[in-house]
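Two complexes are shown next, each including chain A; its partner changes from chain B in the first to chain C in the second.
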Partner chain A sequence: MKVRIAALVFLALLALGCVLAGWIAPQGYAEQFRSEPDAACSRAHLLGTDDLGRDRFARVLYGTRVSLLLAPAAALLATALAGLIGGAAGFFGGALEGCVMAVTDLVLAMPWFFLLITVRALLPLNVSPALSVSITFALLGCLGWAGAARVVCANARGLCRSDLALLARAQGASGLRLLWRHILPNLRPALSAQFWISIPVFILTEANLGMLGLGVAEPLPSWGSLLRELESCSTGITQPAILAPLVLVILTVSSFQIAVRKEEKHA
Partner chain B sequence: MSALRRLGQHGLRIAVVLLAGGLLSSMLVRTAPGFGVDEQDLDSRLTAESHRALHGAQATEGGFLRFYVEWCGRALHGDLGTSIALNEPVRQLLAERMPETAKTLGAGLGLAWMLGLGLALLSSVPAMRGVGWAAWFVASALLCVPAAVLAILFVLAAAPGRLAVGLIVFPKVFEFTRNLLGHSADLPHVLAARARGVGECRVLFRHVLPVTAAQILALAGVSVCMGLAACIPVEVLCDLPGIGQLAWKAALGRDLPLLVMLTMLVTLATLAANGAAEALAGNLRGGEAR
Partner chain C sequence: MKFRSLICAFALLCLAPLGWAQPGSQLKFCLGSQPRTLNPLLVADDASETVRYLTGGVLMRLNRKTQQLEPELATSWKVSAAGKSITFTLRENVRFSDGTPFSAEDVAYTMQRLMDPALHSPGGDAFRGGEGKLETQISGRNRITLTFPAAVVGLDKLFDQVAIVSAHSPLKEMAVLGPYYVAENKAGAYLLLKRNPNYWKHDASGRQLPYIDSVRLDIQQNRDIELLRLTRGEIELINALDAESYEKLRAKAPQMAVDAGIGLDSEQVWFNQVAAAPIEGYKKAWFASTRFRQAISRAVNRGDIARVVYRGHARPAVSWVSPANRVWFNEKLQPHPFDPQGALALLQQDGFQLQNGTLRDREGHAVEFSVITNAGNKGREKIAAMMQQDLQRVGIRLNVVTLDFPSLIERITRTFNYEACLLGLVNDDLDPNSQMNVWLSSADNHQWNPAQKTPATAWEAEIDKLMRQQASTADFKKRKQAVDRVQQIVWEQEPFIYLVNKEALAGVSPSLHNAAPVALRPQVYWNIDRLTLGTQVADKR
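So, the complex of A and B:
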């Protein structure tokens, strides 16, 4: 319980840091200090500067904002799609359920990292950094619904056959009322679990995409693009500060995993 | 008969998924920005008539459905097209790179299963709880590290990159198997065996494992998909010339025909692995029922 509270406090502090990024690091993520490329940690630059002379602390803060705000947004999109598609399939059943499950099988059969880079490669080259970040996370949301839809569909089917649905029908509840008042509220724990489970998955996927150069476009930072600095350490890590984004990713993902352990039981 | 029927059903499912996937893929290729644009259009040495002839040849490709049917026909005859980015036949590229990925996948999955299943089995023995907790801690930590970072750590440590795939897949295998064994250990027949004083090893191998074997086999099928996804960052960052690296190059070069073919191929491999695992699991269940 104490570990869970510590994880939640860490996530809250991180979220607060993201919100106050403009105040904590007023120099911004793109400003270059051209006389100080690859500078070591100092009072002016808490985590030093990168090879283009940009303040690493500011970039980590803004990168955290991008990854930490958009991963939940992508998770929300995936959960909403899963709720809509899986919920409808489970509620209506029959041919619709068969069709939806076939599409779900199709999506699940395609290794989604391959699918993700394929769809990412389809996008025009001249998109702005802000649009690229939105597209990256929207793609994650749009491709990550299938597994959750299966769980939601099974739950919705179970609820439709349950005693509470039978009782509601016997009392004359219409299909819409049954869905709105009885099925949806009971699906909430499963949907909530899927939402929380998806966040660390999307954070890690964005980090992998970013490290391969297929994530958020420069100069906008994200954890993935910040981790690319590790690729330049072929002869060893000379500046420990470049490990800051990695430490942050590990702490954040582990905090999410600790925080959602209770939710996983509903999934 | 039932095994044949299952095999037929799975074959049909693979065919439907591939046909639908192919349809979606050809739609992607057809609607991608830059489709139908030829580099020769920029060649100022060509006359206006040559340009018109080029455009005429492109126009004869017809509508989307015709494009799909022709694409399927060519694929069935072994012509998988030509890579735009690498300017080589896709078939040749695949033949060159598939053995490398097979080696990476084999080594990675071997390591993942050896560690994952071995440690899960050890952690289910009450006397080995310490090992179980240590393995759980390592697996949880590995779950929080991006696959690409693990690959870089292998490069920095000058360790064989193939084994990075093993460390990426290991935590999932371990967590799932450990949970499965934990649930099975509480089943009534296992409790009864323990109450009769049956030894831990015998309980594990005679009473717990047979119950979970079908699900573990299903996970083996899924782990192929996980391993293939892990191959992309590992092959790119460890410079292993396999399918994953080819997919990355194709993505950077916006080589959609190659990417689509790779996605289809990996889907086929995933479905085949899942099918084989399901068939084996079905046989096991059938054997248990008999």
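So, the complex of A and C:
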């Protein structure tokens, strides 16, 4: 319980830091101090500067905002799609379920990381970094529903065959009422768990895209683009501050996992 | 017991020379990928090129230090006045690595194969100036004349890339005339090259070259691991380092870090000027304006790019010929200065106005465009980010888009759905003729507006004329004049905005002697047959 509280407090503080980034960060995230590239930690730059002289503390704050706000949004989209598609398949069953599950299997089998790279390459070029990152996460959300849809479908199917549904039908409940009053409320824990599970997945996927240089457009930072600083660390870390985004990702993903475990217990 | 000990000691003494015998010297370095071919006539990638350089015997070799041609398998040569034919006098008593004698027949066979359209040899394209067949005329055992269907400019220099293969050896192209031969090839792991026992070259004291007995080429894709291996003493050289790795090496092992000075490679940005490109008309008008391009060029701080992105290991670029190319560089030209006010003045002449920090054209469109570059190239991504901030100062919004390489190539060569592109040019050849496929307006690699039926602008027509002119004469003075003028036009018109020329950086172990890294490829092992390891003694002459 204490661990869960600690995790939630950490996530809350992180969210607060993101919201107040404009006030907390001493510098703009895009401003280049070209006379001070790769500067060490100092009063002016709490976490030093990156290789273009940009304040790392400001970039970590804004990067956290991007990843922490948009990953849940993408998770929400993916969960909503999973609820809609999986729920409908489980509720109606029969041929529809067969078709939906076949499509789900197909989506799961696709190398969607490469698909994502391809789809991203087809996007218009002249979009602002903020829109670009929103599109990236929207794509993640649109492509990440399949796994959750299978779980939701199985749950919905189980609920439709349960005594609860049998009793409701015996009492004359219509299909829509059965869905709205009995099935959906009982699917909520499963959907909630899928939502929480998806968040760290999307954070890491964006980080992976960022590592390939295909994530968020310059100059906007994200955890993915910040983690790229670690690419050249195999020959030694000269500045421990470059580990800050990695530590944040680990702590955040762990915190989400701790929160998820509790949700799963509820489910 | 004492007797047994005595026998053991005696046995150990007898066996010691076997165990402690000095193994043959072995040079080790890494290739970024598995060579795609070991056939020297089909080389198209860097790794295969390395193997060809180390194993192939050539008629003449460009000395990477002096930038002059030196005789190798040919003791002398003469190019005809028309530039269509070349006559070689070949070295006698030379044998391939398997013992097969070398003769003029091998040169004829190599050139016929190289120019056979069915072989699709990338090296053959440079010799194909026109339709027709290559004619070979052998006089005696060691004299051969090659007559090409059309004049080939810089004909003699092209033979630096032609490794002679045997017409008679049962080993075919695996029989070589270079300092080493491929003894072992473990795909994906390593290649082992052993000293060619029949290599013709000897040092001044009569000792057969090369000094080093074998070369092990490990396949290693990760550049950081390669650097670690150098510092641990597991490999002896890294032929080309990026600035970041170079600085790390300099901090860790300064004696290993070598800066060979300015290189031939450049980084440049260009605007899409294709008339049919799917971009807005007003943007096409911006990109077609010389003043607009000049203004962008002046608004970008090249000095900062060289200092920040390349840690000072690059220099602001001038035009398409690098200052490293001592013969062809136009020394009258200087890099464009960083001058945001001058840039704004140029833009105002074209009707642009800076309003509340946003630059607008005559029709009121805010000046905003995107630049595409290949994802994963950290240097280019940093350059783009720096350009973004520089252009912001003159009210221009630049959107940086990183794309996977196939998507980028698709856009710049087929769909032309892009506005500006940031890429680099890797240049191996000193002769400007090698860039005909870039500068002719009809060429496919004329990136800003490729494959034009007729030149779109007067200055492109002039470049066409000058490039053809320099390609049709063997008179160096005339060629130099033409190439200087083309550099001048490109400097003025800026179809490519040249940003920086990178320095040639290398890592060399102190145990490797006689290494004299240069800017031209292969930077470190260009004099492979003269390199020595450890305590080996070499004739330095």
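The criterion applied here is as follows: the second predicted complex is superposed on the first by the 258 of 267 C-alpha atoms of A that agree within 3 Å, B and C clash if a C-alpha of one lies under 4 Å from a C-alpha of the other, contacts with A are read in each partner's own complex, and residues count from 1 in each chain.
Convention: contacts are C-beta pairs under 8 Å (C-beta built on N, C-alpha and C of every residue); 3 or more make two chains touch, one makes a residue touch a chain.
Just so we're clear, the structure is a prediction, and the values are computed from it rather than from any experiment.
Per the definitions stated earlier, placing chain B and chain C onto a shared chain A by superposition produces a clash between them.
When the two complexes are overlaid on their common chain A, residue A:34 makes contact with chain C while staying clear of chain B. Contacts of A:219 after superposition: chain C is touched, whereas chain B is not reached.
Shared-chain residue A:2: touches no atom of chain B or chain C.
After overlaying the two complexes on the shared chain, residue contacts for A:249 are found with chain B alone; chain C is out of touch.
By the document's definition of touching, of the two partners only chain B reaches A:112; chain C does not.
Of the two partner chains, chain B is the only one touched by A:257; chain C is not. Comparing chain B with chain C, more residues of chain A are touched by B.
In the superposition on chain A, A:43 makes contact with neither chain B nor chain C. When both complexes are aligned on chain A by C-alpha atoms, chain A residues 117-118, 121, 125, 212-214, 231, 234, 236 touch chain B in the first and chain C in the second. Within the complex formed with chain B, the chain A residues making contact are 102, 105-106, 109-115, 117-122, 124-125, 200, 204, 207-208, 211-214, 224, 227, 230-231, 233-234, 236-237, 246, 249-250, 253-254, 257. Every residue of chain A that touches chain C in the complex is listed here, in rising order: 30-32, 34, 37, 51-53, 117-118, 121, 125-129, 132, 212-214, 217-219, 228, 231-232, 234-236.
Chain B contributes residues 13, 16-17, 20-21, 28, 32-33, 140-141, 143-149, 152, 155-156, 225, 228-229, 232-233, 236-237, 247-248, 250-252, 254-256, 259-260, 262-263, 266-267, 270-271, 274 to its touches with chain A in the complex.
Residues of chain C that touch chain A in their complex: 222, 224-225, 227-228, 231, 244-245, 248, 252, 304, 307-309, 368-370, 372, 375-378, 381-382, 384-386, 388-389, 399-404, 407, 417-419.
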